[in-house]
Amino acid sequence: MSTIRVQREDFDTAAEVVALKAADNGIGAVVTFTGIVRGNGVTGLTLEHYPGMTEREIARHVNEASARWPLLGVTVVHRIGSLRPGDNIVLVATASSHREPAFEAAEFLMDYLKTRAPFWKLEEAATGTEWVEARGSDNDAVRRWRED
Amino acid sequence: MSTIRVQREDFDTAAEVVALKAADNGIGAVVTFTGIVRGNGVTGLTLEHYPGMTEREIARHVNEASARWPLLGVTVVHRIGSLRPGDNIVLVATASSHREPAFEAAEFLMDYLKTRAPFWKLEEAATGTEWVEARGSDNDAVRRWRED
Amino acid sequence: MIILYFSWIRQKLGTGEERFDVPETIKTVTDLAKHLRARGGPFAEVFSDLKRLRSAVNQEHVGWEASVGQGDEVAFFPPVTGG
Amino acid sequence: MIILYFSWIRQKLGTGEERFDVPETIKTVTDLAKHLRARGGPFAEVFSDLKRLRSAVNQEHVGWEASVGQGDEVAFFPPVTGG
């Protein structure tokens, strides 16, 4: 079972995990990653995306994760629009019979979301607004999944 | 901030994460691991532990995780007593400014919980009860954290 | 062709989308970027250093040598920062 | 000394805890295990193969050569299976 949503509204991690768990009674491990707007100096964050491509890119990597690990469920929810410090940005939840595939698939999906899904963050601070720069460490992180 | 509890009652992952997030406004990433009683053939699970040593072992590894990664919060809740398929067994939640330390610390804590925390599982099935055997793969998993 | 611009590129150009008739001379994403740069003004600025940009054709990430044609949707954007 | 037994060891021995006066001859966890094995019956069975067992002294994991004394709390258990 996989769920992919791009939405303005907040998500309810508990409800997403309940839905995920209900999908298969062989589930023994659920890993969630929640990305949150950091409050240090930032007063707000606006998320822009490329409608259509975003959903395709996420679906492609969810399919790849499902092919690489024995997953029993995957949920990806990414928010767009105006967010405040402490707000949720993204949820990745993975379910499997054991912990290793659940952890690895969640990290894989986050690494790809960070480096391939077409979202861009505009940060607002007291000093003005600024487009967030991509982190080199995210490109390093994603390299570990390449099979070559 | 760290929270460690061993309890018979279920836990509320959402409430634990809310408490964790509230601890520091620099938190940008929360990873949770939830272990769940698998339903395939098993009708129940009883968790025994070594009171006193359990809390000490968990605290020791939470402290080690906090020394190794820049964590802004850690929560470990482990249940004991009688559980049914689908019930929660364990929650590990880690918070940090970025995803890498949150993921790594959660995996580290789970690997140590699996191999060092004195819990024992008795499985009930239609065919009788049986003490769960330790998995060799858990010992392999924990080795990657040794610094030698 | 539809050309889409995102993030600071969209802001700098003052538009997120344009319809574009592809001249015969444009065969690749690089050709297109050079053509846009030649418009001058904010386009010259945005396309002055292609290393800062990424592109997609028909909603898939591509390299600068990817082919483009009249029926395509081409997007220019900076490295992504979601998640 | 307090000796604690857990999991199938506790079940097999029919007890989870005993108070024990440590004879002079017992210096290590191995000495203690051999002494308990010599009681025969379920003790002989449980302590027949120490590779299946783990031990803790004063609530810390130890190896078989760890020292033990009258004031200690010693536990025997199988490899743990929590989490």
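Of note:
Labels for the chains are A, B, C and D, by order of writing; each one numbers its residues from 1.
Convention: a contact is a pair of C-beta atoms (placed from the backbone, for glycine too) under 8 Å apart; a residue touches a chain by one contact, two chains touch by 3 or more.
Because the structure is a prediction, the values reported are computed rather than measured.
Centroid distances built from C-alpha atoms place D farthest away from subunit A.
Taking each chain's centre as the mean of its C-alpha atoms, subunit C lies 72 Å from subunit D.
Centroid to centroid, with C-alpha atoms defining each point, subunit A and subunit C lie 26 Å apart.
In whole angstrom, the spacing between the mean C-alpha positions of subunit A and subunit B is 22.
Look at where the CA atoms of subunit A average out and do the same for subunit D: the two points lie 48 Å apart. Shared contact sites, meaning residues of subunit B that touch two or more other chains, fall at 35, 99, 110. Counting only residues that touch two or more partner chains, subunit D has 83. Here, these are the chain pairs in contact: A-B, A-C, B-D. Of all residues in subunit D, only 4, 6-8, 10, 56, 59-61, 75, 77-83 touch subunit B in the complex they form.
Remark: subunit B residues 12-14, 17, 21, 25-40, 85-86, 97, 99-100, 102-103, 106-107, 110, 137, 141 touch subunit A in the complex. Against subunit D, the residues of subunit B that register as touching in their complex are 35, 47-50, 52-53, 56-57, 78, 89-90, 110, 113-122, 131-134.
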